[in-house]
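As structure tokens, here come the structures.
Paired with chain B in one complex and with chain C in the other, chain A is shared by the two complexes that follow.
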Partner chain A sequence: MAIEERDPLTGHRTTGHEWNGIKELNTPVPRIVYFFLITTTLFGLVYWVFMPALPLGTTYTKGILGYDERNVVRRDLARAAQDQAHWRDVVAQADFATIAADETVMGNVREAGHALFGQNCAVCHGVDASGNAGFPGLSTGALNWGDTPEAIEETIRVGINSAHPESRSAQMPAFGRDGILQRAEIEAVAAYVRDLGRSGADGAAADHPEGAEIFAANCAACHGDDARGNADVGAPDLADDKWLYGGGLQTVYSSVWAGRQGHMPTWEGRLGSLNIKILAAYLDDLRKARP
Partner chain B sequence: MLSKLTKGEREGGLIILLAMTVIGLVIAIAGRGDPISAHGFLIMLFSMAVAVPVMRHLFDPEPSRDRLDSYYDDPSKVGVVLTFAWGAFAMFVGDWVAWLLVEPNLTFSGAWSSFGRLRPVHTTGVIFGFGGNGLIATSFYVMQRTCRARLPDQLSPWFVLIGYNLFCLLAVSGYMLGITQSKEYAEPEWYADLWLVVVWIVYFVLYLRTLSRRQEPHIYVANWYYMAFIVVVAMLHIVNNLAVPVSLFGAKSHSLFAGVQDALTEWWYGHNAVAFFLTSGFLGMMYYYLPVRAGRPIFSYRMSIISFWGITFMYMWVGSHHLHYTALPQWVQTLGMTFSLVLLVPSWGSAANALLTLNGAWHKVRDDATLRFMMVAAVFYGLTTFEGSFMAIRSVNSLSHYTDWTVGHVHAGALGWVAMITFGALYASIPWLWKRERMYSPALVELHFWLALAGTAVYVFAMWNSGIIQGLMWRTYTENGNLAYTFIDSLVAMKPYYIARAIGGLLFLLGALAGCLNLFLTIRLAPGEAEAERAGSGPAYGRPSAAALQAGE
Partner chain C sequence: MFKLHYKLERRAIGLTLAIIAAASIGGIVEIAPLFTIDQTVEAAPDMRVYTPLELAGRNIYMREGCYACHSQMIRTLRDEVDRYGPYSLAVESKYDHPMLWGSKRTGPDIARLGGKYSDEWHVRHLINPRDVVPVSIMPAYGWLMDNALRTDDLSGQLAAQRAVGVPYTDEMIANAGADVYGQANPDSAAAAGVTSRYGEATTVRLFDGDPQRVTEMDALVAYLQILGKLTDAASQDTAAVETQ
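And now, the complex of A and B:
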């Protein structure tokens, strides 16, 4: 098979083999290939000498530089903590009014709060804290569990109907499913509640007198005679025409029929008290900017 | 087609299919209440569907001995059609997934169509369905020609091809049913994995038998690569999928590895799947089709040797570069990074060997879209291997890891290299297989080429941009040392690039569909070789010469 043959184009010999018409030239490997093979190999060997590289049974070669990326992370974290101590210490120790009054601290709270809120809260409450169906908007309006920064901080810390032992807990009964109210009564009270925010208390009572009576007898205990809610028990304001689960008549009816039990996780273990306080100050600031 | 099989082969095939039908039925019944039951039915119906035509031809007369004097190409033909079919399906799913990232509600509320289930359908569909069928079809073609030996028997190639596609079907349907072991590129559960082992061993033995019967004194380079593909994929597949099933008739299993060992095993598998499935096999393809189509000798046999052994030795070590800055000990990361850098040299050796082979044939590259597919594939192979080594450097990886840059890198390889070389090889071999003068429409091949190139470019540029922006946004701090952006901020910034990516994918898909149409038209309508010769126009481009071959048995 081995026939001496020269490729007319390149002048190189073929290897003398042929497979199904395919031949191969016996071109020498270009020098540059050896150059780069040796260079990259040498780089690898030198890198092994300087860096952690080779296993030695139960340990490994640490390298001349003694580089350990865990130490790098520890050092970076310590440096970052030191750089931020000047404002984080203020947040940790001062009350909310003092924090809000200090522009330097607030500038940092806004930056850190944006990141904290975006990474942890925005998935449910929205990037701009305006809420989603089933998840309350936080930037405006009354909050179910109170809207002072202290109340917000506590809500974030323990959560709502969460696993935390001090969790805020509230449950709206299932008035229909549990047979407390009849279907017609729920329709009446739902219509009344739905119109509270639109027509005002008097207007709604005039349009739905039966609903107003049922409300006074069954709902006012938690939501208040004026339906303005009660932050102590987490009962939402029903007169502001802002709806957590949607303001359609059908949705309001469903809320009364089957009850509601919202859930917010506790963040104490995950974020720690300082970050929670930053978030509370951040939200308080956000709410002031958007009355 | 079936009457070319001997009676014994038909009977043997039927026995296997009936046995599988029974096994499928047993799984379907014994696995009631478990998702594996659906797969029992699938195995049963699949086996019955293949058994029907076998039974219809069971009593056909024994084929003449003439068949042994020509290569056995029927499995390659079916494999080529399956390659296009899987490609069209899986690229469609891929583009769907791309649009899901733009508009997440495009799942139409189905559990089966959620992102987490469709994505592996896409990856398995393109890698194993499209790529794997392309490799099997071309390897049967190439090994016969370069060994000048007919396939030793006619049953085992069918077993490999059909069995392999059953594996792909089990995998893809399983994801939509929620069956997965959650290892990237190794999602199929234990029973599908076991089946693939059986198929793969038959494939391996078939290849060895053909090689041992060769009429050529030397083994051609393409066969080295195909063999490396078969041997190493078997090794990777078996080790990474070691698992204990929860029950004999249940889909769920638990991996033998846990924690960081599991992660390292997975990426040793994952990166070498890239190396030996998506690189080695397709280099085998390139080493045959490119020189034949160009009509030029391989630039340098010595470069082939250096590249082959460089790649084969070096790739084994580099999987850990997928786990930089993780719980994996740093010394393992060091090894992965340094071997990745050396690996660049043999990789570029292969790309250069391919491109330098084209010296003296560049006018053909200009005129012939099929050869141009292969040329561009070699260029993208070079680009992607450079990018891969670059991204394996720890400090680069700290920017690129977890971003769309990785996705862009993978697609530069998958679209630019794997799919382009496959389409080139298929367009070259379709007329040879079906004895046609050429593809029915060279214009459609040309259209496919430009759609594929444009789609790849749009896709890759979009992902480079979005990946680097993501990486930078995640690590940008304000002057006061606070994170400047949240993850959601980076998602919002990605949206235009996700739209561009989905459009790039759509272009690539349209090209593949043009290829499907051209395949259909070529099989049905293109003039045969004999007619072309009568008309006085020989084949336009390099065609393998026909020399006496080692007859089949």
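And now, the complex of A and C:
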């Protein structure tokens, strides 16, 4: 029941309420508000028809478009796989020598490998693959489990001392803690090993004859008589100047005293065989570029 | 146009009922999606619950505010699936009370962190992130290695989780203290109880490398190493996507 009385100043109706002579205006709602109210309501109705919207007890309306974010990502992934098939198929089927010889494929491998390495490997091995104490540098020098791209691929696949059933496994005994060697003996062999890379096998043996003897009796079985390591058992090369845990006398002593058991996760379940092969080819390429 | 309104305004009961009707629309909009919860949350029969050590680690994760910088939610976007792995499913958060999806990434998403890096890396990274990642801006959490883990309240924590629907058994609740010790000490007698109660796939390791005591570091690393590994449903879901 609208009040027909109009305010003479504004021309609007009043509500009919009056307080001591002051009357309340019944200002109409601005038209723009109606416009947006109607527009959004119409949009809502259209959205209900086209998109998943209304719950119906145990199910819901799927909408005419059948939109599902999982379908979208599925389509995007399939499209990406299709776009990259021209070089990924080559990587999947060819051997490493063929891949390395194909510049077009290698260009893609370098790009994809760099992204894969950055996301998965770089936090331990460093963004430039130069390594960190306890995490080997991969760009130069000998690798504990072999340098060939095939060996690198296998190491990435199964990991080292990992949860994978075929994991590469190696454990250096704790010569000091387990009482195999005495303190003085460890000091002697640590000094010998530390100097191997600096003064060569002959120089180190001349400076530390006792250490050389202890090395031959205890360490050579895995690391080799010449201390060049053995990739079959993951024993590192001790005669080069590359150190996994650090080349200080104290660090070498700690390694002999308490042993070492590095851990590299298995990547088979996470990356899949093709991405692992791309990483192996990428690392092989990186190593060739930095001899 | 306002006739109905003018009439309602003059009837107290009518106006009250109309206000209730209008306000309840907002409630229905929030509640109605729960009617279809069975369609939203996938089935994951292989899903296991958090062990007491992982639950304690989860509490430390919340205490230290890790969720403020790390999300645990991989969205259904190609670049996220490419980078982090299969997108997150609702069922993966089934036993998360509260969920820790997060809403902001200063650091990376860690929904699939479990098993990605070694325990040793996690320990060194938490003590000083710059030690392993020179450009990292993450704060250091060195005290985790010093603090002994509080274990006397864990049975109560498990009971509280059960009250909101996590299927912990009486045996799990009673042995929470022993299981915490066993999971962080693989050579101890208590270790066998952990695998028998929580499954063979449970990670029983010297997480922080210190066999003498159970530290907060043990708990947090145990939790980080299980992220995304309570169930295999997500990778199966994405595998199904790829074959379709």
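Note that in this section the second predicted complex is superposed on the first by the 241 of 291 C-alpha atoms of A that agree within 3 Å, B and C clash if a C-alpha of one lies under 4 Å from a C-alpha of the other, contacts with A are read in each partner's own complex, and residues count from 1 in each chain.
Simple rule for what comes next: a contact is a pair of C-beta atoms (placed from the backbone, for glycine too) under 8 Å apart; a residue touches a chain by one contact, two chains touch by 3 or more.
Being a predicted model, the structure only gives us computed values, none of them experimental.
When both complexes are overlaid on chain A, the residue A:V72 reaches chain C alone and has no touch with chain B. Of the two partner chains, neither chain B nor chain C is touched by A:S130. With both structures placed on the common chain, the touch criterion links A:A112 to chain B but leaves chain C unconnected.
Of the two partner chains placed around the shared chain by superposition, neither chain B nor chain C is touched by A:N230. When the two complexes are superposed, the chain touching more residues of chain A, out of chain B and chain C, is B. In the superposition on chain A, A:S254 makes contact with neither chain B nor chain C. When the two structures are aligned on the shared chain, A:A163 is found in touch with chain C, with no touch to chain B. Looking at the shared chain after the overlay, A:F36 reaches chain B, while chain C stays out of its contact range. Of the two partner chains placed around the shared chain by superposition, chain B and chain C are both touched by A:Y60. By the touch criterion defined above, A:T140 reaches neither chain B nor chain C. Applying the stated touch rule to the two superposed structures, the overlap between the chain B and chain C interfaces on chain A comprises residues 1, 55, 60, 69, 80, 119, 123. Partner chain A is touched in their complex by these residues of chain C: 2-3, 6-7, 32-33, 35-36, 38-39, 76-78, 81-83, 85, 87, 112, 115-121, 124-125, 131-133, 235, 237, 241-242, 244. Chain B contributes residues 145-146, 148, 216-218, 220-221, 288, 291-292, 296-304, 306, 310, 325, 329-331, 334-335, 337-339, 341-342, 344-346, 348-349, 359-360, 478, 480-489, 492, 542-545, 547 to its touches with chain A in the complex. Of all the residues in chain A, the ones that touch chain C in their complex are 1-2, 55, 57-60, 69-70, 72-74, 76-78, 80, 119-120, 123-124, 132, 134-135, 163, 262-266, 269-270.
Note for the complex: chain A touches chain B at residues 1, 7, 9-10, 14-15, 17, 19-30, 33, 36-37, 40-41, 43-44, 47-48, 51-55, 60-61, 67-69, 80, 83-84, 87, 107-108, 111-112, 114-115, 117-119, 122-123, 127.
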